[in-house]
Each structure stands twice: as structure tokens, then as C-alpha cells.
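Letters A, B, C, D and E mark the chains as written, and numbering starts fresh at 1 in each.
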Amino acid sequence: AAAGSPARAEATKVRVVLDWAWLPYHSPFLIAQDKGYYKDAGLDVTIEQGRGSANTAVLVSQGQFDIGHLNITNAAQMIGKGGPMTVVGIYQHKSGASFVGIKGKVALDGPKSLIGPKIGSTPGGSDALSIKIFTKVSGLKASDLDIVSLDANAKTAALLSGKIDVVSGDAPAYTSYVKATGQEPVALILSDYGLPLVGFGFGVNNDFLAKHPDAVKKFLAATKKGFQDAAADPAKACAFMAETVHLSGEQSRCVNYFNALLALSTPPSDPTWGKQSAEEWQKLTDTLREVGLLESDKPASTYYSNEFVPQ
Amino acid sequence: MTALPEGRPEGRLDEPRAPATGGLGLRTRRAATNLFPPLLSAVIGLGLWEGLVRWFAVPSYVLPPPSQVVLELVGEWQYLLTELGWTVLAAAIGVAIAISLGILAGAAIALSPTVDRMLTSWLVVIHAIPKVVIAPLFLIWFGFGVQSEVFFVVTFTFFPVVVATITGLKSADPDVLQLVRSMGATRQQVLRKIMFPSALPIILSGVKLSVSLAPVGAVIGEFVASNQGLGHLLIRAVGDMDTALAFAAVTLFSVFGVLLWRAAEYVEGRLLPWHPSQRGDFKPGQK
Amino acid sequence: MTALPEGRPEGRLDEPRAPATGGLGLRTRRAATNLFPPLLSAVIGLGLWEGLVRWFAVPSYVLPPPSQVVLELVGEWQYLLTELGWTVLAAAIGVAIAISLGILAGAAIALSPTVDRMLTSWLVVIHAIPKVVIAPLFLIWFGFGVQSEVFFVVTFTFFPVVVATITGLKSADPDVLQLVRSMGATRQQVLRKIMFPSALPIILSGVKLSVSLAPVGAVIGEFVASNQGLGHLLIRAVGDMDTALAFAAVTLFSVFGVLLWRAAEYVEGRLLPWHPSQRGDFKPGQK
Amino acid sequence: MTEPDRDHSPTASPAPSRPGTTIELERVTKVYGAGALAVQALSPISVTLAPGQAVSVVGPSGCGKSTLMRLIAGLEAPSSGTIRVGGRPVAGPLEDLGIVFQRDLLLDWRDVLGNVLLPAEIKGLAPAAARRRAAGLLAELGVERFAGHYPWQLSGGMRQRVAIARALLPSPTLMFLDEPFSALDAMTRDQMNVLLQQVQSAEHVTTLLITHSILEAVFVADRVLVMSGRPGTLLDDIAVDFPRPRRLSLRETPEFSAIVRRIREQFVRTGDLVG
Amino acid sequence: MTEPDRDHSPTASPAPSRPGTTIELERVTKVYGAGALAVQALSPISVTLAPGQAVSVVGPSGCGKSTLMRLIAGLEAPSSGTIRVGGRPVAGPLEDLGIVFQRDLLLDWRDVLGNVLLPAEIKGLAPAAARRRAAGLLAELGVERFAGHYPWQLSGGMRQRVAIARALLPSPTLMFLDEPFSALDAMTRDQMNVLLQQVQSAEHVTTLLITHSILEAVFVADRVLVMSGRPGTLLDDIAVDFPRPRRLSLRETPEFSAIVRRIREQFVRTGDLVG
């Protein structure tokens, strides 16, 4: 659409909720908003910070928000429970689930190296899930691992202060935090060992999807532009973010964090950005079902749609 | 006829009551009267919950109906009870420490303006600090396991006892204090024999608050760092979007909390036979 | 000579004091005496903190030294104050609602055993429930705005007022109640003119507790379901390992909490000029 | 205080003469508590008090005088027997009753004036008039300088006078006084006796006065009830027919002394202290 | 109670005769509060009480009697002047003092026996002996049946007797009593007067008795201090030289009546009620 063509009054309202409060990988949304990509697409987008992907899934299903940026595992679980939501795009096809330690203190060179070190993990949710699945895939037993349960907020401090040797969690986050202390992280990325989980994508409330299919399409396209801008110059994206929403830590940490996530994702310049495969959905739902976190036997195809992915 | 608040001791003229001569029949009726309201209230509350959930078709991942929670309770009772045990342990140890410390601190503050000015602000800070912020510190100081949980319970529950102790001790009758001073009482004796017993009804109200806070304190402690307990179970259930299990745990926890509360009330009654609030059989007469 | 607890009103024989005739000199000295202990205590506390952090070389992402916190406070004062504003707003609205509701509920429970049996358990449950479990409900009902925070503060702070109100009302002198009943007082009048004022010292101790809990309540509400306020700032700072900012927020928050506490004590003093705890200038004499 | 012209005192003037109320007790008993600590406070007492009558009650300490007063006032139920006031069984606190308990029961949180005004607030009397009357009563009772003081700042006798002022404030048709003058010195007490006697006869207030002073009992009353030791019952019922208004000099007369002696003898006859 | 043989009563027998203590007051004054509500309770009072003396204090309500007692007891500081007990300035609560305040001040949370035993606990007396003495005192005061009752279950007079038993328990060398018998009937009061008088003369207890009964003041004391209205000061200081032990019949003698009349006249001369 050419600049100024859609009248202001006709702009479609889109309420977006993120997975968490502002983090480096959210800069594309801010950029899209700032550069007017949404406005140009005839959208009136409001972006709300979230409180974990599980809550994001509930909020989108219940219609409090139209579109959610969330971890796809949570989206799948919600849809499996009958939540009226559809996943309309996945850009991070490799989960960030990993074990992270500090170089020189532990070596993480394969599943066997996890036997011995003290591992901090948050019970329930993505950590527990990835450990559960990983032990299955790798042939380890859960009882082989020395796992202590920790609040998400306590994990980093516990690792950095030496109370634990390894954290289970999001690789981009923890590796960048370790680097920021002047140490080198070591990471065991679970998807490298066959973990069939994926990362971030977009879920849309079904009512909204039925009423405003075009808006969803335009939203994804505009967001993709934001991703492209951010990926082109992560430092600038981080600087912009620090200005607009306050961001803690050195800029380098933000850049590291974002780059690590991009490394697990489809590049936004790629035409398949956002596109989902039947295979990854099949594997995801099968695996979740196997570990008892998905009771529904709905076919994998009912969880997602590629119709709205920008071409 | 309207002057009397309900619930005053028996024998009051303006309460229409069965004659006080009542034998077994009366007693049974009274037991029924005592049990009926809480049951009714439970039934109403749960009925409302079930009804609303069904009426508005609230999905169970948001709020499961009580029927489903009951099924979950029945199905998982062993798991739930085991975890509850850990929580109860930490809560009990923690609140015992908190009550002792709280009474000591409250006494020191009530008796000495200097201690008040030096200590109170820090206690307010400890009490009011959002615990998430210092949760990592707890972990680093106390490591994993029951200690940090207990410490959590202590920081969570000591303050009501402090405040109640201060108020209670400061309410002692100044004339009675003069009396025992003229008996040559030491400062300690004044405290032990007069100020403390006269403050006891108020202190116990603080203790009741603390006791009712202790289980949440333990659960929050378990959120931060623990491999067992109801808090751990809850974090798991919430993380796994297992809302029914989470609510089953909360229900168990609530029942435990209510029982604890009633137990505290019972102890209160035993400790204060002389207090107006406890003069059941006797009537408040003229002194 | 040892019989007297410290801090009793003036003119007591066993407190070595300047003669009560003191003019300006005395007053200045007294102001100094009042200000010195809290300052000393603050200096000791902060000094200890700074010293320990430096001595043990505690990394600043675990526990920043006060000096760094002060720098952060200075550097981020605008951000901090803006968010504090939200928290204060939510805490204020919430605690006002909580106090009103708490007094109403406490009165109903104290006056009617039926209400007690029907309501108390639910209140205990609401009070004691771990709030994380119902966080999604909060989000759905209230969204990310101030309302959910306010609701949180209410559920967080109403209970101390309830408990204190019950204890206070039940402590009313039964003979005085008889007296006003014989004056033909309605139930309402008994409550308003006797039970409530005589309970006020105890109720205010509950109010003080609630007031001191309100800011944490708001912060926890912000953790769970709000995108502004100090709690939101904290959840971000903690997640981002920005410990210095987190402690700057906590420090600001603590100062706010202590001021609130002292304000509540001041109000208490104004409302209870007759109470033994407040008889400053006058001596507790014989009645 | 020299005896002033009482007809113009604020207590005596405004209220019109009102009809009193008959009080009938029929075999009234009271037992407190149960088991080992049970105490029978009253053995059956039957007595009828005429409207407008001033009745004094005397009896040994712990014999049940205060209990009797609370029963009649409708503040407690008797264990057996019936009490009728104005023909109807007592089913709750009596209306239009001014009462002074043995303890002064001042409200700690109100100053003296606030305490005296309490019944006016409760009964919804016109505030301005109530304040005027309160000021008058406080002056009459010698505590007007302390209107703004709190109870804890008063002496024992001053507290008691404030309690009396509070009871008199609404000009009740019934007045129950439980040792109202026990903390007053002899002179003040005499003045109070004169005052009470005048209020009573001017306004035909049915009065029940519990007292430990036999002189006071006789001086104030139309009738003196003498109670036995616990469980209290009626030992004697003595009519006192001196004309009103009475002056203190009445107490020097042989007729007065005869009644006092008669009561004393009752006491002595009952023998020991009740244990 | 017919007058028993007091020499074998538990109160009189065990304690050996102890030396009393001289109490000296020099231009003692007391002002309460400040500003508009300031009250001068005492104008300068100077007086010396000899060891073992029994002194009664009478005066109008609110004149400062209780204040005077609290000052001497070392519970409050005078606004000016000095008080010496046993030669040393009073700097805190007097030791070895048995005190009964105007209010009974029983501890609500202790039963009657527990209240009476309080001073024994505080002074660390032998528990068994203390219990025996407590039982004896309760019996003598006629409340032994109520040893297990709580204060709120007692009548006003019974409470007062318990308070007296508590003060007597440790057999003090000094005894300050502020209207200890105000809630007792005439007969019980007489008995208490005899009892007090006997204890005092047998054990040479220095006694300060504040009372509103002039008869009582004279009967019990070696000396009666008459106070003026507020601000209280000494109006008269009357020696009472009747031999001890005294019997109630003493009150009928003309010598006794003469002293009583003298005090009454002092009162009447001061004129009005203090306002």
C-alpha cells in the first residue's frame, strides 16, 4: 500500500503480546513500530510485554490479545488443550534449550559430560521439558543428572557464583550473560543432539484470524521487515532499544544475545522466514505426547497454518 | 433489643435462646448449628465456582471446576501429601523461629526507644523487601534445601509478631506497672509477669497472622530453590500448564491453612481463659 | 531502680533526666538524641554492607556495594521515580480498599459467629493462597494495568486488618458494653461508639502491618501482572542481571516503606492521644 | 458548696414530672458458673418497688447487690423467677434508665465532656441542649474545670462524679446507682446525697441506690432493703417516711437514728463475714 | 464475724517486730501537665512521719491525696521540694512497701490466689510459706472460697479485699493504703479497721492510710493529716493518742468524738467543693 492511502479510521487494531518483558530479541517489534511499518500496512498495533510464553498462550486463546510472540511449545500445548489459537509462523526452528556452563570449570562435550556437574533447572516449563526429552533422546536417565530446582531469577546468580556448575535454559541468554562477566561460556545446544523442539513464533487467536486474515498477513510482513532491519545492524537495534525502553547491561551483551538467537533462526532475509514444515510439527506433537505433556490426538496439521507467512 | 452484638456469651436477655437447662437434645442441636454454617459456606462457594466455570464455559486451563480438582486430588493424593509434608515442616520450623524472634524484637523495641530508632527501620526493610530480589542471595548464603526455605518463612512471618508485641506491651496499664514497681520488680519481672501476659491477647493476634502466613512463606521459599514441597510441585504444575494439579495443590494447601488457623484460635482460647473474648460459659459481669 | 522499662513517659524517678524545666538547649539535645540512633544505625548497616562486599570481593551482580547502588540511584533517578510513582499509586489505592474491607469483614466476624464460621475460612484461603497460581486469572480479568496491582494489594493486605479488628472488638470491656446497652444503644451505636474506639489501638496495629505490606503487594502484583511500576522494573532488572539497578529500586522502595511506617506511627499517635502508649508529656497516673 | 437553691439547678428544672414504673420481682434467683466454681449469688427474692420510689439496698460485700441491679436493669437473665417492669417481663435492657455501675466505666478515649455527652449521642438528644445540661451537671458536681481532661488525668472521686453526671444527663425516669459515692470524701458525699434526694423527689425518678453507708441509705430513700450474706436474700424491708425535701440535719434526729440502729442490728445479727 | 482472737491470726504472728522508717517531706509540690490543662495538685507540703507511725490522710476529693502517696512511694517525682525516706532522698520505688491503690488493679489473667501470690513471686519468697500465708489472708478477708476464681467473677468489695491480701502478703515494713475499704459494707469495713490496726501495732508497720471515712481515719491512726482542697496542702495535723490495741467501742467515747468533730470542722471551714 502506498504511503497515506488507507485512511486513519480504517486502520485495523492489532493487540500484540510478547513472551516476556523487553529483551534484546524484541527489538524488531520496536523498529517496525518506530519506522511505521505497521502503520503503513494499515495496522494500529499495540505491543504489550508478556509474562512467560505460557501466559501469552492463555491471553491469546482467551482473546485478551490478538497475536502473541511466544515459544511454540507453549503454543502447541495450548492448542492441544483446545485453546482457540493457530500458529501462523515460526522463525526459530532450533530451540535455544541448552546446558550452559563456564569454560574452565566444566566441559560440555556431549550428553555424558552432564553426569557429575550440578545442574540448575527451573521445574516445570521449558527447562524440565527439554531435560525430559533430552534424556530420552540421548539415552541418559534423569537419575543420572544432579539437578537442583531453581527459580528462573536465581539461576544466573547461582551459576556465576559457583553454587551450580551448569544451568539448563536458553542458550542465547545464558551465554551472553556469562560473556558479560568476562568469562567464556560453554554450551551444549540440545537440538544439536536431536531435541525435536522449536523456538519462537507467532500464535493468533482464531476469531481474530477469521475476521482479519489480511491483518495477520500484514502484521507478519511488517514484523519481518523489522527483523531484517535489526538483523542488518544488531548494534544499532540494541542502541535504539536501550534508548526507547531502557535495557540493562553493556550493549555488547545485547548484541551477543540477539546474534545467538539469530544463529538458531531462519535469517529474515530468507523467503522461507516464518514458514513451518509438517515434519517439524509432527515431531513436536509426537514428542510432547510421548512425555505426557500433550493429551490431544488432533492431527498436527490443525496446529498451524502457512497461509499468512509473508512471501 | 437491638443493642447487642451477636455472639456475646450466653444468658443475655436479648438473644432468643433455648433455656440453659438443655440436655442432650440441645447439645446435638448446637453441634449442628456450629457445623452447618461452614458447610453451607463451603457448598455455596464451591457451587458458585463450579456453576460460573460451567456457565461461562471457562476452559479448564484457566480455571478448572472443583469437580475436576477433586478428581485430581483423589488421583494424586499420595504425591500431593508427600509434598505437603515438606512444606509443613519448613513452615513449622520457620514460624517457630519467627515467633520467638518477633517477640524478642518487639519487646526490645517496645521497651527501648533507642532500640526502636535503631532496629525498627531495618525490620521494616526486611519485612517489606520484595523477596525475589534477594532470592539469589538466599541461595548463595544458605545453599539449597530446607535452610533457605526456613529462612524465607522467618523473614516472611516475623513482622506481624513484632508489631503485635509492640502494641501489646505498650498497652499495659500504667497503674499496674507502678504497682509492681513498688513491689520491687526487676525490669525482667515487669516484662514477664505484667506486660507480657497483659499483652498476650494482642500478641496472639500477631501470632495467628504469622501462622497463617507461614505456609505461603514456605511455598515461596520452595519456588526459589527446592527440590521438594508444595511450592516445587506448584512451579512444575504451572510451568507444565497443568492447571488442575496446581489447583488441587492450592486446595489442599487452603484446607491446611484453614485448619492451622482454627488450631491457632483454639490455642488462643486455651491461653486466654480470662479474656472477655473467651468468657463463654460465664457472663461478663461487673468487676 | 531496675524495675522500669525504658521509654516510659517523663518524670519517672528512675530515669536519670535533665530537669523538666529545660528550654531551648534541652530541646536541641533531645532532637539530636532522636536523630542520632537511626543515623548511627543506618551508617553501621551500610558500612557493614560495603565492608563485607569489599572484603569478600562479592561480585556486584550478586550483591552490589552501597556506593554502586547510590551511583545507580543518581544515574537512573528519573526511571526509578516514574516507576515508583505507579507502585505508590497502586499501593495507596489498594491499601485504602483493604483497610475498609478489612474493618468491615473483621467487624462482621467479631459480631456474628455465623459470619465467622461462613466467612473466615474463605478469607484465610484468599490470604494464604500462593498468588502465582492465579496469576493467569489476574491477567485475564485485569490485564497488564494498574487494576490487577490494586487487586493484588487488596488480597495481600486486608487480612492483618481483619485479624486485628476481630481481636480488638472482642477485647471491649463487657461492663462498658452493658452500660451502653442500658442507655438503649443500637447494635450499630455499640459498635461505633464503644467497640470500635476501644479497639482502635489494636486495629491500628493491623493497619500499620497492612500499610507496610502494601508496597510489596504492589510490587508482587507488578511481577505477576503489570507492565509498570517498581515491580516490573525489578523483574526486568533481575532477569537482566542488573543487580545494581535492582538494589537501587529496593533501596528506594525501602526508604519509601520506612517513611510509610513512620507516617503510620505518627497517625497512630494522633488518633490515640488517650492511650497509655501515647501519654508523652503527662504521666500515667492513677485512675 | 453551701446548699444552693436547688430549684433553679439545671438538674431539677427542665424535666416535667413523669410517671414512674412499677418493678416486680418474683422468686428471682441467680447462679453464676457451673461445677466446682459455681456460685449462688441470690436466693429467691420477691419484692415490688412502687413508681417514683427511692429504694436503698444495703448488705454485706459479695451478697449479690450488684447482681440484683443488673438483673432488674435487664442486663442479665435470672436463673429462675421473673422480673416485671411496668407490668411486662424484662426482655432486654430497660429503657429510660440512668445507671452508675460500681466501677466508673468512663471511656478512656473520650474527655470528660465527651463521656458525659455519650447518652445524649446514643439517645439522639439535641446537641446544644445536651451540652448546656452537661456543663451544668459538671459544674454542680465540681468538675467543670476538667471538661477537657481525659479520665486518666482525674482523681478517683472526680471520675466517679463524671460517671454520675453521665447517668443524670438524659433525665431518666429510672435511676440505678451502685455505690456511686464510694470514692468521695465525707463532705462531698453529703452534698451528693442532698443533690440526689432533690433530683429524685422533684422528678419522681424511681431510684435504686446500692450503698455501704447506712446513713446514706436512710437519708436518700423511701425504703431500705436489707440483704443477707450470699446467697443474698431479703432480711428486712424498712419504710422511711421523712418528708421531702430533706436536709442533712435530719440525720441528727432520733427517728432517723432509730432506723439506722435497726439496720445495724440486722447486720450484726447475720454474724460473720460471708466467705 | 465476731471479733476473733487476732493474736493467732496468720497476719499478726510470724513477722518479728521490725524497725520502721522515717519519712520526711520538704516543701513538696506537684504540677501535672502544661498549658491550659495544667493542674497544680499539691501546694508546698512539709511533714515528717515517724517510724512505725500510722498516719491517716483525709481531704476533699481531688485534693491530691493519691498524688501525695505516689510521690512518697517513689513512683513519681515531685515538681519541687524533696522527699527523704530513711534519711536518703527518694530516687525510685520504695523497698519493702505494701501498697493498695485506689483502683484494685488485680491482674485479669491470674486467679485470686495467683494475684495474692504476685509479690511473693517478685520478691522471691519461699513458695510454700507464701501459699500458706496467702490462704490465711484470704480466709481472714473472707474470700477463701474464691481462690480459684478470676477477678471478673468477683464483686467489687471482694476484689478490694483481694488487693489488700496481696499488699499484706510480704509483711512489709511500710504500708500505703489508698481508700482500701471504699467498696466494703459498714460491717466488713469495721472488721478491716480492727484488722489493720492490729497488724500495724503488732508489727510496727509505718502506715499511710488515705480514707474518706473520718471515723476510720481516727480509729486506725496515731496521727491524722487534714488536707485542703486542690492544690492540696496541710490544714491540720492531729495526734491520736489512744492506746492500742483498740476496740471498735473506742469510737463511742467522747475523746474520739472530739477528734472527729475537730476534723469535720476543718472540712466545713474550707467551704465549697473544689471545682
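Just so we're on the same page, a contact is a pair of C-beta atoms (placed from the backbone, for glycine too) under 8 Å apart; a residue touches a chain by one contact, two chains touch by 3 or more.
All of these numbers come straight from a predicted model, not from anything done at the bench.
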Shortest contact path, chain A to chain D, counted in steps: 2
Fewest hops from chain A to chain B - one hop per pair of touching chains: 1
Each chain counted as touching chain B and chain D at once: C, E
Same-residue or different-residue interface between chain B and chain C, half as cut-off: same
Rounded Å distance between chain C and chain E, as computed from the means of their C-alpha atoms: 46
Averaged-CA centre spacing for the pair chain C and chain A, given as whole angstrom: 41
Mean-CA-position distance for chain C and chain B (Å): 18
Between chain E and chain A, distance of the C-alpha-averaged centres to the nearest whole Å: 86
Shared-contact residues (touching 2 or more other chains) in chain A: 54, 58, 62, 153, 156-157, 161
In chain D, residues with contacts to at least two other chains: 32-33, 66, 70, 74-75, 93, 101-103, 152-156, 178
Shared-contact residues (touching 2 or more other chains) in chain B: 3-4, 62, 132, 136-137, 140, 173-175, 178, 180-181, 184-185, 189, 223, 235, 238, 275, 279, 282-287
Footprint of chain D on chain C - complex, ascending: 173, 175-176, 178-185, 189, 193-194, 197-198, 200, 272-275, 279, 282, 284-287
In the complex with chain B, residue positions of chain A that touch it: 54, 57-58, 61-62, 74, 77-78, 81-83, 122-129, 147-151, 153-154, 156-158, 161, 163, 293
Touching residues (chain side chain E, partner chain D) in the complex: 1-2, 32-33, 36-37, 39, 58-62, 65-66, 102-103, 139, 142-145, 148-149, 153-158, 161, 178-179, 182-189, 191, 212-214, 264, 267-268, 271-275
Contact footprint of chain B on chain C as seen in their complex: 2-8, 34, 37-38, 40-42, 45, 62-63, 110-114, 116-122, 124-125, 127-130, 132-133, 136-137, 140, 159-160, 163-164, 166-167, 170-175, 177-178, 180-181, 184-187, 189-191, 195, 201-202, 204-206, 208-209, 212-213, 215-216, 219-220, 223, 231, 234-235, 238, 246-247, 249-250, 253-254, 257-258, 261, 275-277, 279, 284-287
Complex interface listing, chain A residues touching chain C: 20-23, 48-49, 51, 54-55, 58-59, 62, 64, 152-153, 156-157, 160-161, 177, 180-181, 246-249
